[in-house]
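Shown below is the structure under consideration.
Chain IDs A, B and C follow the sequence of writing; residue 1 opens each chain.
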Amino acid sequence: MIAAPFFRWDWVFDHLGLIWEKVSEHLVLTGIALGVGFVISMALALIGLRFPRTYPPITWLTGVLYTIPSLALFAFLVPITGFTVLSAEIGLVSYTLLILIRNIVAGIQGVDPAVREAALGMGYGSRRLFLEIELPLALPVILAGVRIAAVTTIGLVTITALIGQGGVGFFILQGLNRFFNTEIVLGTALSVILAVAVDLVLVLVERLLTPWTAKRTAAS
Amino acid sequence: MIRLENVTKVFPGGSGPAVHQLSLDVAEGEIVVLVGPSGCGKTTTLKMINRLVEPTSGRITVAGEDIMAIPAHELRRRVGYVIQQIGLFPHRTIAENIATVPRLLGWERTRIDDRVGELIRLVDLEPGMRNRYPRELSGGQRQRAGVARALAADPPVMLMDEPFGAVDPIVRGRLQDELLDLQRRVHKTIVFVTHDIDEAIKLGDRVAILNIGGIVEQYAPPAVILRDPANAFVKAFLGSHRGIKRLSLIPVGEVPLEDGPMVDRSATARDARACMDRYGVDWFGILDGKELVGWAWASDLDGDSLAHIDPKPFEARVSLDASLREALDTIITSRTRVAPVFDGGRFVGTITAEGISRELAK
Amino acid sequence: MDGQANRGLLMEFLGDLLQWFGENWSGETGWLARTGEHLRVSGAALIAAMAVALPLAGWLGHTGRGGLLAVSVINIGRALPSFGIIALALPFTIWLARSTPLIDSGLGFAPTFIALFLLALPPIFTNTYAGIRGVDADVVEAARGMGITERRLVLDVEMPIASPVILTGIRVTAVQVVATATLGALVGYGGYGRFIVDGLAIQDRLQLVAGAILVAVLSILTEIGFSALERFVVPAGISRRRRADVVPPVAV
């Protein structure tokens, strides 16, 4: 093992198909977690905004979920849902909730009250007010939450390797079991690259969706 | 056009009614200013007219219709609303902002486009501003965009809540002038809230002075309020410069003008001296026919005729529709202590501090 | 579905769990010893990370230098998969044990400690940095105007004012460290992770769930304990509201 090179590119080139497969799996696991997490978070955030009394228990509950270590959560789930994608997703989704709910609520609450008053004063109903004014204006804060959730989830997906999923975490686990550094480095590096790439994509999405925040020549 | 009858608003948890049994009539096409100290319920009163605040009791009608009989969002689309913070939508361009109410009303796109263009011209924004976002505009431009947005669907009634409160005094003065100018063209019924008595006097056809709890202490044209304050509260609220404030309400044209120490170019030095003696001054104006060509000091006289005199131009001049306040300002800063008055380019007479003072004493 | 039977199974399982806790508390592989191991590596990593990150971030925050570094650290910190870091620590410590006399074994404590230490640095660093940067500039100027030394300015003025934010950083880091220590079992360490990793490997549901309960309870206790500490340590004049709403790095 001492004589073996630390990182073997030839192994990587021999396994490009497998790497691609695991990267796709990683992205799918992340995408499902974010999508489902966002829908649930939006619903809970709306409830929290509409009925402010429910907000503290919502954040408390999602906060507890967030505090439970993922490995422990997966361990709870395996006896019930087995070594399945469902186990992985339940865990991954539950970690997105706190971040997303907090940012959605903060984003909506951060909308300038004058804008809200002006909109009401011009005859906006509450649904249009939310969809056309509050939601777009909260978008930068919401997307900041999505970015954090995305990067965090991509890291967490690697752990699901322990329950038979894992995306690129598969390489890390296999590398550990075989004492094969190349796979550990590859899995870790791919996870970081995916996180950075997805983050960049989301920054671009934010720019496209919120043109009004761009810095153009501002008068005065 | 707008009528409030015994309107009362009690906020839950408030110590007393914010507005108590308030009645007020606003005629079509006039600007009514609600003014008073903070806590007098002026903003609450305003917001009850478009139902952003629901009255606890009493009746409010707009154009004869009880506002409680109209769904709130429909009422609000018919009533323009401008607030101090403007509340432009930061994620929409100026054109989109202005188009807000027409869009809510479901106008066709071409009609909206035309209307937006018209309004941008009306409030004197550059056409290039159309596709800018609000943050790219200056405070004054934003305020104009806010007014344009409120006017978009041509509502007969406009509610304005301290719209110029957040801009600096110079811009504020200009925006006030623009509003008056705009009003001459669009003839809206405007209810305007401010805490600034000078703004109220300048803008209001009628001014309602409100006391804590929404009690109307006086409701009259500003000139009347200044001349005959109804009670001690109004007097105190008007402050110590009532006379000066009145000046800004009276145009020069309402004061009898004097000829002043004017002599024709063809007159002799002796005529000029006699004229100066009559007015007790040491200068005289020189006319050429009906035209005022300038003035000269007594000490400039040399010999018998005025022919050799090079008249100094009147730097201070006021127009017939200027206020007495402007005239007085001109008088006290001029060396001749007199302001020549012009109607357009035509010299019509002079006005002096004594003349103004006589007018106020009437 | 037969709810009655399900409930019966559940009760039976809970009974088995209780029995497990009763039978497996003592000895080198009992949960009491595992608790000690878990706390030992977590505490050591947290203290080591604080010893490095607090002075560094305090000084950089005070001088205003390293803003870009601070931003990069939090972003990189978030993107690093803890599983990967702990796995990468293993070949490193094996090499360290083999070629230097620094450590005896490259397995167990060493890789776990190094990984936890590395993962604990970013959140402590960024919160401390942000906390110090967030101190009102007028307060700093007033202190300077009274002739305070720079060192005392950091220690007596900036640190106490920033303490809510700094302590929030330490709290979320502590929870994260306790959670991630579970992964130490993958590189030969003990701690609660042993139960989970072994439970997964030999399909022992009882051990698996027992381990999960232990980790979850310890994480929540850590959270509660550090919250209490914050209340205790933050000077009375400083509102706890000031705690920056920093989204904690996720527990693993």
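Quick note on the criterion: a contact is a pair of C-beta atoms (placed from the backbone, for glycine too) under 8 Å apart; a residue touches a chain by one contact, two chains touch by 3 or more.
Keep in mind the model is a prediction, meaning the values are calculated, not measured.
Colleague: How is the touch graph of the chains shaped: line, ring, star, complete or other?
Modeller: Topology of touching chains reads as a line.
Colleague: Could you tell me which chain lies farthest from chain B when each chain's centre is the average position of its Cα atoms?
Modeller: C
Colleague: Determine the centre-to-centre distance between chain B and chain C, using the mean Cα coordinates as centres, and give it in whole Å.
Modeller: The computed centroid separation for chain B versus chain C comes out at 66 Å.
Colleague: Could you work out how far the Cα centre of chain A sits from that of chain B, in whole Å?
Modeller: Those two chain centres are 56 Å apart.
Colleague: Report the inter-centroid distance (CA atoms only) between chain A and chain C in whole Å.
Modeller: The answer is 21 Å.
Colleague: Would you pull the chain B residues touching chain A in the complex into a rising list?
Modeller: Per the stated touch rule, the residues are 50, 52, 72-77, 81, 83-92, 100-101, 104, 132-133, 135-139, 141, 146, 149-150, 159.
Colleague: Residues of chain C touching chain A in their complex?
Modeller: 75, 78-85, 87-88, 90-91, 98, 175, 178-180, 182-183, 186-187, 193, 196-197, 199-200, 205, 208-209, 211-213, 215-216, 219-220, 223, 245, 247-252
Colleague: Across the complex, what residues on chain A touch chain C?
Modeller: Contact set of chain A toward chain C: 2, 6, 64, 66-73, 75-76, 78-79, 95, 98-99, 102, 106, 145, 148, 151-152, 154-156, 158-159, 161-163, 169, 172-173, 175-176, 179, 181, 184-185, 187-188, 191-192, 195-196, 199.
Colleague: Which residues, counting only chain A, touch chain B once they are in their complex?
Modeller: Residues 112, 114-125, 128, 133, 136-137, 210-212, 216-220 of chain A touch chain B in their complex.
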